[in-house]
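Here come two complexes built around chain A, the first alongside chain B, the second alongside chain C.
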Partner chain A sequence: MTLRSRLLPYLLLAPSVAFLAALFLVPLVQTISLSFMEEGAPSLANYSRMVSDINFGPAVRNTFLLVLTVVPIQIVMALAMAMMLQKLPRGRDLVLWIWTIPLGISDLAAGLVWLAILQDRGYLNSALYGLGLIEGPTAWLTYETPVALFVGVVVAEVWRATAIVLVILVAGLQLIPKEYKEAAEVFGARPWTIFRHITLPLLKPSLQTALILRTVLAFEVFAVVYAIGGTNFPVLVGEAYNWQRNYQNTGVAAAYAMLIVVISLAATVVFLWALRTKPEQQP
Partner chain B sequence: MNVLRRTVYIAGIVALCAWVLVPIYFIALGAFGGRIGVFRWPKSIWPGDASLAAMQLFLQVEGVGQAMVNSIIAAAITMALSIALGAPAGYALARFTFPGQNAYRLLILLTRAFPLAILALPLTVAFIRIGLYDTAFGVALIHTALALPFAALVSASLFQAIPRELEEAAWVFGCTRFQAFTKVVLPLALPGIAATAIFAFVISWNEVFAASVLTVRNRTLTAYLLTVLAESPLHFRFAGGFLLIVPSIVFIFAVRKYLFAMWGIANR
Partner chain C sequence: MTFIRTTFGLTTCKSASLVGAALVTGALLAHAAPASAQQQDILFLSTQLRPIEEAQKVRSVILKDFPGKVTYLVEEPPAFDVRMKAEGQAGKRTISVAGALHGELQPLVVSGDLTPIDDIATKLADRGIPANLMELGKLGTANQMYIPWMQATYIMVANKKALPYLPAGADINALTYDQLEAWGKALTEKTGKRLIGFPAGPKGLMPRFYQGYLYPSFTGGVVTPFQSAEAEAMWAKFKGLWQFVNPNSTSYDFMQEPLLAEEVWVAFDHVARVKDALTQAPEEFVTFPAPAGPKGRGYMPVIAGLAVPKNAPNPTGAAELIAFISKPETQVKTAVEVGFFPVVKATLPADLSPGIKLIAEGVAKTQNAPDALPALLPVGLGDKGGEFNKVYSDTFQRIVLRGEDIKAVLASQAGVLKGLMEATKAPCWSPDAPSQGACPVK
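After this line comes the complex of A and B, so read on.
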């Protein structure tokens, strides 16, 4: 091999490495230092301001509640949808396209979509009125109705982001060799047994990816919440946004960002460990 | 029994399709219904008040047009940058084995475990200093950081799928490595790369947090909608939401063939 061809891969990688260094590694270090700085000196002031803020407790609680509710629902729903697709004899492409449409829809737009349904004079209330369950326009999305507001945000998030889980799982299912299933069928295994003992274990890498991706993104939840509930439902990223845009305090915003990063990373490590596949288990 | 199960199965599929489509239909009604439509009670599921006038009115509101232009510019730059930087990296990953390869993959993996948009916070300071604050280009830079790892992984899988022998045959016939790439590999990879580019576009088009933090007057459509959310009337919000959705649906339709090939390998 000549020197030139040995250098070639590095030349090809260099631009993207330089870019990621400038826009990922450097800002990351800066966020860390911003969060630990107060007027040029190292300090924990930003963190103590963050923790003592009135919205901090609710924001942590709401964000965790959302992630812990939304992500499991999405995994179960996407699994069910992926299995349904496998059995579909005709029209598979059409159904798949419809189910993946939300993949391209932003969280802000999804929030607005569900606002149209859940607002006082929206379609949900019209339906409830038609059924005789409510007397007239009813507000669901205020701070006085925290449970309804929470359910609204969950529904919007499930509606929007289940598609990405579905795509990852369907792609994973395609990688599972048919022979395993056929062999199990020969030995008389029922569909449920096949699913539990063959499909699910072999799908572990895809489930891991889906869980990591979704959990990281779910901790970033913010625009959906803003669109549906305004400031009635504080979440972590929303608070980071508030401190940056409305209070012009990058330090506290950076402290929130660090908190989110640490939580996301912890979740990633947990999923990497809990769903690790030993080499001998791979098909 | 079998008929019953089959009916339940089909009903489930139809219900899940409706679950996706019906809300989009409702926001379309909201977008085209205008002020009167928003206040109608009880709502009808038929497009009674719908007219183009409501949407036209929204588009004439000060700032909306400019915000759309900014969104398109930022997304177009994101698309170009993430392909220009990501595709060569993908080619290197697909065709060479070299020390440091795993370090690069780790870097990419890291970016995916981070909430990247959050990193826009320190960048506001840096961008103000170098004059990139409040520009579509500045927004595009951080959006590229979001889309680039994805573009690199996907193009690596695209290039891997093209047999190395084709390239070697071209070399035998006297092509240089570069010529072989542009004449043999690139045409085969182009549709997949186009799909990746469209994905980068959608990532940028939809991103809210970084765009809102990095702009004041030159907002993208998402940032614009977010900042006027609290004070704008409902029909205005619905029109904005609908406008955000339309390109996404078209784009997902355009890349549907590549959706699974892309994610199937990109998530490994």
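After this line comes the complex of A and C, so read on.
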């Protein structure tokens, strides 16, 4: 191998590495230092302000509640949808295309779509009123209706981001060789057995990818919540935004950002470990 | 008409074809050698009249007859502050006229980004700007730092349908907080809906209600009596009133939409944020001052001023523009178009549109109320203004929405407020008694 051909891969990768270093590593280091500084001196003041803030507890609780509700629903739904697609004799592309429409919509726009449906004079209330189920505009998204507000956010998030899980799982399903399934059928395995003992284990790498991606993004949920719940439903990224934008305290905002990074990293490590696939188990 | 709105290098334009032109203009502005002042563009950066329709009114109506070329840019207050200071530090000033609220210009004096404009003040001496407003424009220095530009305040608006439910004997123009609560109670009982509204959403101006209305009316101050016995009684009273407030209030940023949708019948907000409702359906609404408490009828006059940044690229043009804006006819045009009122002696035309007339009435009734108690916008807090507002919003959140113990909440929030005042060393502003050094929290 010539020197040139040995260097080529690195040369080709260099721009993207430099790009990430400049636009990801540098801000990360800056954020870490910002979060541990108070008036130019090292300090934990930002973290103590963050923890003692009135919205900190609710923001942590709401974020975890959302992740623990939304991600399992999305995985189950996407898995069911992907399996149904497999069974379609024709028109599979069209159905997949329609299901992935929300992927093309920004999260803020998705939030606004659901706001239009759920607000006092929204489509939901109009429909319920038309059916004679309610007497007039009913508020679903206020601080007095936390359960309805939470359900609203969950529905919007599930609608918006299930498609990405679906795409990953559909790709994963297509990687599973047909021979396994055919062999199982020869031995008289029923569909449920095939799903549990063949499809699911072989789909593990895809599930891992989907879980990591969705969980990390769910911890960063913001625009949908902001559009639907405003300040009635504090979440971690929303608090980081408020401290940066409204209260102009970069230090506390950086502390929130660091907390989100740590939680996301921890979740990723857990999934990498819990769903690890031994080389001999790979299809 | 070309306009550029530059935020961290982002350029947005009315149409794509203008992007190039705008970029070229921007580049020219940044590097232009000081050409003749008359032909040179005057960059006018403002934190006021930001909504697109209002900014467009400024460009195409209010500044239309100005002989020079003005580019009117708008920026949200935090970004305005950053940009003014960054240009100063970089030694490359592009802005020639800065328009902002009194409290937003104050930190620029401290950072040395404003230039004294006593010469402009002398030239405008015959415009009849009240002496106390001109004094405010000195921002605590010996020199004139800004020329008052326009003024506004907050008012109450009610749908005429709510008037029959006013408590017996109540004068809508001299309401007390007790009467407002009784009104809300009657509305709720008779209609089954909570019809009072406040702008307590993420971008609403609710903190100004606590700082300019509630606290002054009940305690006679804003910072010093933060956790006084009067403040405790006040929060208990407000919690009582809140039972009749529409729960969507914590999502309202502007009150004009809920007023027009009849989601609320009685609302408090800045005049600019109820203007659309009043101009669209003037026959449906009445305007009146905010209620009074035991210490008077607190109200917050909002003064915007025009300043010239240090090393402005076009100081001559800036002086001409400021003189043009403070002309009585321009001031009247401003009132008619955007609902901010003149600071100079100017008679509003008799054929004012009914909506603007309603605003003018509300403002006049507020300013001329016999028990009026003006409370200024916070001064000297610099970039801690947001955290100052947070103290009041959090107090409201904890006491009223979460039902925490009033005394305990006030004690813990007073600690935060104290830390903030000491960090900024901001002296007291009216109606708190003047202080030596940081305004005390008692």
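Here is the rule we go by: the second predicted complex is superposed on the first by the 283 of 283 C-alpha atoms of A that agree within 3 Å, B and C clash if a C-alpha of one lies under 4 Å from a C-alpha of the other, contacts with A are read in each partner's own complex, and residues count from 1 in each chain.
The rule is simple: a contact is a pair of C-beta atoms (placed from the backbone, for glycine too) under 8 Å apart; a residue touches a chain by one contact, two chains touch by 3 or more.
Quick caveat, the model's predicted, so the values are computed rather than measured.
For chain A, the partner with contacts to more residues, out of chain B and chain C, is B.
In the superposed pair of complexes, A:Leu141 makes contact with chain C only, with no contact to chain B. Of the two partner chains, neither chain B nor chain C is touched by A:Leu275. By the touch criterion defined above, A:Arg121 reaches both chain B and chain C. Touch criterion met: A:Val216 reaches chain B, while chain C stays clear of it. Of the two partner chains, neither chain B nor chain C is touched by A:Ala45. Using the contact criterion defined above for the overlaid structures, shared-chain residue A:Leu88 touches chain B, although it does not reach chain C. In the superposition on chain A, A:Phe24 makes contact with chain B only, not with chain C. When the two structures are aligned on the shared chain, A:Ala184 is found in touch with neither chain B nor chain C.
Residue contacts after overlaying the shared chain place A:Val151 against neither chain B nor chain C.
Once both structures are placed on chain A, chain A residues 121, 136-137, 226, 230-231, 245 are touched by chain B and, in the other complex, by chain C. Residue ranges of chain A in contact with chain C, taken from their complex: 54, 120-121, 136-137, 139, 141-145, 226, 230-232, 242, 245-249.
Within the complex formed with chain A, the chain B residues making contact are 9, 12-13, 16-17, 19-21, 23-24, 26-27, 29-30, 38-45, 81, 84-86, 88-89, 91-92, 95-96, 98, 100-101, 104, 107-108, 110-126, 141-142, 144-145, 148-149, 152, 177, 202, 205-209, 212-213, 222, 225-227, 229-230, 234, 237-238, 240-242, 244-245, 247-249, 251-253, 256, 259-261, 263-265, 267-268. Put simply, chain C touches chain A in their complex at residues 78, 193, 201-202, 246-248, 250-251, 261, 263, 383-387, 389-390, 394, 397-398, 401.
Those residues of chain A whose C-beta lies close enough to touch chain B in the complex are 5-6, 8-10, 12-13, 15-17, 19-20, 23-24, 27-28, 30-31, 34, 81, 84, 87-88, 93, 95-109, 111-117, 119, 121-123, 125-126, 129-130, 136-137, 159, 167-168, 170-172, 174-175, 205-206, 209-210, 212-213, 216-217, 219-220, 222-223, 226-227, 230-231, 237, 240-241, 244-245, 250, 253-254, 257, 260-261, 264-265, 268.
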